[in-house]
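First up is the structure itself, then whatever we jot down about it.
In order of appearance the chains are A, B and C, and numbering begins at 1 in each one.
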Amino acid sequence: MDLTVRNLAVARGGIPVLAGVQFTVSPGRALVLRGPNGSGKTTLLRTVAGLQPPFEGSVTGAEDRIAYAAHADGIKSMLSVTENLSFWARVFGTGEIAPALAAFDLDALRDRLAGNLSAGQKRRLGLARLMVTGRPVWVLDEPTVSLDAASVALFAEAVRAHLAQGGSALMATHIDLGLTEAEPFDVTPFRARPQLSHADEAFL
Amino acid sequence: MIALLTRDMRLAVRAGGGFGLGLAFFLIVVVMVPFGVGPETALLSRIAPGVLWIGALLACLLSLDRIFALDWEDGSLDLLATAPLPMEAIAVVKALAHWLTSALPLVLAAPALGVLLNLPPAGYLWLILSLAVGTPALSVIGTFGAALTVGLKRGGLLLSLLVLPLYVPTLIFGAEVARRGAEGLAVATPLAMLAGISAGAVALLPFASAAVLRINLR
Amino acid sequence: MSFWEYANPVKFIRTTDRLLPWLSVTAVLCLAVGLIWGFFFTPDDFRQGSTVKIIYLHVPSALMAINAWLMMLVASIIWIVRRHHVSALAARAAAPVGAMMTVIALATGAIWGQPMWGTWWVWDPRLTSFLILFLFYLGYIALWSAIEDDDTAADLTSILCLVGSVFALLSRYAVLFWNQGLHQGASLSLDKEENVHDVFYFPLLVSIAGFVLLFIALVFLRTQTEIRARRARALQARERLA
């Protein structure tokens, strides 16, 4: 099933930042959002993930199929690596955390408290969470922040495996992951015409 | 849902916050009362049920702002919102976890503190029963308040201001059960009212909490 | 012509601008007539003496304290269902007025209670209910002022208003029960409507009308202020865009 975005406008603080966005992500494919800071990539990803309502337009094929990862990893520092992962595995109703631990080289750290991990290790744990969700569409906001070159390679490998299994990915990143399945998508042309929110307009 | 519950309970016990702190606060409040009103046994035993209820209520209030704030700060709440759990279920589980880690210990500790205040022997059963029936309402109402203030920088004081008026009916009926029990009067009516408030709050308020959470996540 | 067109902020301001002078003048007239008539041209009560005359402040303010909350409840529901911004702002505008009415009712009650009962305050069910109502007003106003985003604030406060109304009602019954439980067959009663004589009744009616009009005028004025503040922010936002 494709993830399809039609004529989507997204708003930050009631003011539209992107408008008329159209794309489709098919199984096995990845779309990499490009654009300068503040161009609305995060807002677009949050809207696709269903965390905020679209300003206009529609998102189809996202309902209960999205695994979302943002700047904050949602990691509990008082729980161990395994406990953090198995929690999300149980929430999403999948059992296996071993493949995720292996894919992100977390086996040696499995009993460490997440609070004692380095920033890059935390990030890897946050990305490993994607694998235990069992969701087909990964929506990722700057997934490679604070990762070293080796970890980026691990991550690229995980994305490739996910796509090979018929999954798809939508991500905002500036690093070239070397994925042949990925196509870039520049959001700059979709910058919304500066315009007031509907609410504000009513008061003028 | 069980996964979320066990995680929250584990966190509460490990971080030490909600668990021990609430109990210690309850103890301190009860210890302070005789210093304020004097050591006269007859007076203390007369006000014991009310003091214990207010102490438990304040101790309950203490841990409310942790219900959602921590999950909000580290991004878990966003991730939970995209998980297959409905928001209502999250609100219920959060309230339940708060009750188990914050309120239940208070219920169990109340009789020991009753001894300090010379609670009449007849009162112990009704004190425990009224707290056991009433505290679920306190947790659910508190969860609603915590959901309202989750996005705010310094929501703690506002949370108390919002939640305490909502606690009034529960406190009145709960303390009334304990007081009447201690004096050997009939407790059926206030107990039924207390149970009614608890049941109604547990059944309906999670919907309000979920609606408020969705607005705050937007 | 639909009633909802007044939900347009511009239309609301234009209409209320025309109404406000009339409303204010009538409110002041009613208050002046009601209070002067009540204070100087009614006989003293045979039991309570001249202290009974505080009734002309006490009863109308108490009435408006409750009705203001009801108005906020209705406005909140309109906001939730139809999302008219004026409705949310009107609820916000009414809250401090309602809170002040509650304070007036409580203060006049205390002043009246002192000579009558020999004490400024008793935990009578009515007095207690009003005190709790005041706490609800405080929470509502505090929540409004704590949230920066206008629409989020409107959403959250309207849900608080709904939930708060249920609990305020519950508190009322709880307090009734609690007080009877404390002192059975209390001799102090505030049920005065039943034994009010015609001589007191008509000036009372006029003062009530005065308070109602005063409330409406104040809410209109404060809603206008809220709308204009919002309009100023919208203009600033437009300037930033240009």
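Everything below uses one rule, namely that contacts are C-beta pairs under 8 Å (C-beta built on N, C-alpha and C of every residue); 3 or more make two chains touch, one makes a residue touch a chain.
Just so it is clear, the structure is predicted and the values come from calculations on it, not from any experiment.
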item	value
Of B-C and A-C, pair with higher C-beta contact tally	B-C
Chain closest to the middle [Cα centroid of all protein chains]	B
Centroid spacing, where centroids are CA-atom means, of subunit A and subunit B in whole angstrom	37
Chain centre separation (subunit A, subunit C; CA means) in Å	49
Rounded Å distance, subunit B centre to subunit C centre (Cα mean)	31
Interface hub residues of subunit B, defined as touching at least two other chains	218
Subunit A to subunit C touching residues, read off their complex	13-15, 194-196, 199-204
Partner subunit B, residues of subunit A touching it in the complex	49-53, 64, 66-76, 78-79, 83, 87-88, 90-93, 129, 133
Touching residues on subunit C, where the partner in the complex is subunit B	132, 135-136, 138-139, 142-143, 146-147, 152, 155-156, 159-160, 162-164, 167-168, 170-171, 173-175, 177-178, 181
Subunit A contact footprint on subunit B (complex, rising order)	2-4, 7, 10-11, 14-15, 71, 73-76, 78-85, 217-218
Subunit C - residues contacting subunit A, complex	8-10, 85, 149-151, 227, 230-231, 233-235, 237-238, 241-242
